[in-house]
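Structure incoming, see below.
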């Protein structure tokens, strides 16, 4: 029996409080499925949202750059849900088609050269260690 | 017998031409180990450099953003050589300590939530498919 | 043309013998899809079942712990079939909702801190090597 | 220039407070390298420790089971630092040689069958979806 | 809004030229979806096709061996699209059912022993370094 | 305390029997480190060797092709021990420098296009499903 999502109407006050904060922070009418599934474990939901909120707020890096990094990791791991949700997030933050194309080109190239470095067992240059 | 690197002094004219272009493009006195190992296969060396040069040049995304995306992929894959070389590349392109800290925080969080989405088998929201 | 499964009625005696042992060992009326697909290669089917049977039997670790470890690996790799089948196996072995929530929380955290250790290139403490 | 660790003697009050809590919670004379590197980013250090502390405390799953799950993920990802530190953690929590052997046997088997399920493109059984 | 594919009838002359070369090289009536999606980024499409064409042509390794290596990587990464397309490519190049079974058996075994080597932290033999 | 290897002189009769079979099958004077570490768990040692012996024997695929597939998986996973040992194994089975170069080129390209397929969320062509 797979986990089923919890909708706002059926949520406990603690879960509703997190859902409300997500909606207010992101200015969206409803939370996406990820949070509805995590709501099965209120402690996990609360901790994950607090961490995501803190990590993804603009700081030394802006929101768009952070969303693109999220996409890069998700594409590398092959997490389809996360690719879909964070590509949407990056587009909302201003990612154009051209930026998306370049993002994927870099992700593809990095995945290739990571394996070339592995396969040739290239030692780290002394210059990178100093 | 592991592959050994090819130094400039021992390189064929074709390999030297690639090494020269890398040095000129990046304004460095020598190429890093990665290229010296790939030089064992001149066709691979040439194609990989041409692709990296094209992909990493500033376009819709600037050089720093591209280097940070490269780091994000390399950290996710656990490629130590690539982490060392592209962290150096990102710092050269202007990455501060604060930016590096936020980059790794996003990479860590994305790797965590990728697995939470997998584990709860969260279906993609209809809103992300339109 | 993708591989198609082999049902019991169409199976060779050698395949039926494996299916019978799976059903008897697990006390289930039919084998799940994984085994029906592996049946295309009877040697692989036989070897894989013998290994799984030996590895998953209770020993120093009980059956539930072993199923949860299986889920942890499958979630990390993003193998949806294996997440579904071994989550079902873990629940059958006694995993509660609270245990499942904590399992995924640990898996998520480990995937995050694995990358923080990679990104900061943390050397192994001497204390862990002795 | 790689990140260098921060020792207690050189740490800010905020970092010392986290180090003190780690030492008290785990009853150890010093924190391990992971925390000394994360200390370069006090916000990351604080958030990561709070999450690890919360996630790893005994609950529906005991401390040993949680440490073994951590090892399973780290081995799957090939994070050598995390394998070393969490194998040490699991042994401290009571993992015997026999338990360690069975843990790795399950991790190995799961990594194998994950790929067999991928390669044969096995569809999830209807029974696992209900 | 996910990326949509570009059909030949709607393609620019530059994209059509790549599509034509793919069709001629592979002797197929239409390109597969992968290329129709990459066509959103003509520079990526062109570079990727040139690299794939160069890498996959028979050389020291024949076409079938190269396709099976492609399948091995795709199965390890869990890329369902690539498993489906390169298994089809390998079959077209002559892969029999028996070869496919052995290919997946090796891939499964390698994924298992990779983790056993990680988990036991096995040092590389001096004989392999010389 | 990390696992230490077991040398032949210190091995139990059961472990010696496996070591003897490895040495005879491969015609080598000593087993490599991998087996000396697995010897800590004689059941795992025996089962793993039996499986490796069965899977790696020439069949529909020859020994060299199987070793190159092993390298492809190990490079993709970044398992340095396995890259070193199976590259040595492939060379012993006849892999030339040119073959090794092409092997890594295919592995690199597959790792790149796997992520492009993920990132563009390319649906499997109907032709591949029939």
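Here the chain labels run A, B, C, D, E and F in written order, and each chain numbers its own residues starting at 1.
Note that a contact is a pair of C-beta atoms (placed from the backbone, for glycine too) under 8 Å apart; a residue touches a chain by one contact, two chains touch by 3 or more.
Note that the structure is predicted; figures quoted are calculated from it, not measured.
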Remark   = Matching interface for B-F, options E-F, A-B or D-F, criterion over half of contact pairs identical, gives D-F
Key: Numbering shared by both copies at the subunit D-subunit B contact, with half separating same from different   = different
Query = A-F or A-C: which has the larger count of contacting C-beta pairs?
reply = A-F
Farthest chain relative to subunit D (centres taken as mean CA coordinates) = E
Remark   = Whole-Å distance, C-alpha centre of subunit C to that of subunit E, is 27
Inquiry  = Suppose each chain is reduced to the average of its Cα coordinates; what separation in Å results between subunit C and subunit F?
reply    = 21
Query = By residue number and range, which residues of subunit E touch two or more other chains?
reply = 1-3, 40, 43-44, 48, 51, 55, 76-80, 84, 87-88, 101, 103-105, 107-109, 111-116, 118, 120-121, 128-129
Inquiry  = With touch defined as at the start, can you tell me which subunit E residues reach subunit F in the complex?
reply    = 2-3, 32-34, 37-38, 40, 44, 48, 51-52, 55-56, 59-61, 65-66, 68-70, 72-74, 76-77, 79-82, 84-88, 96, 98-99, 101-103, 105-107, 109-118, 120-125, 127-129
Task = Give every residue of subunit F touching subunit A within the complex, in rising order.
result = 71, 75-76, 78, 80, 83-84, 103-104, 107-109, 111-116, 118-121
Query = For the complex, which residues does subunit D have touching subunit B?
reply = 1-3, 40-41, 43-44, 47-48, 77-79
Note = The answer for subunit B against subunit D in the complex is residues 78, 84, 87-88, 91, 97, 100-101, 104-105, 108
Remark   = The residues of subunit B that touch subunit E in their complex are 1-2, 43, 47, 51, 54-55, 128-130
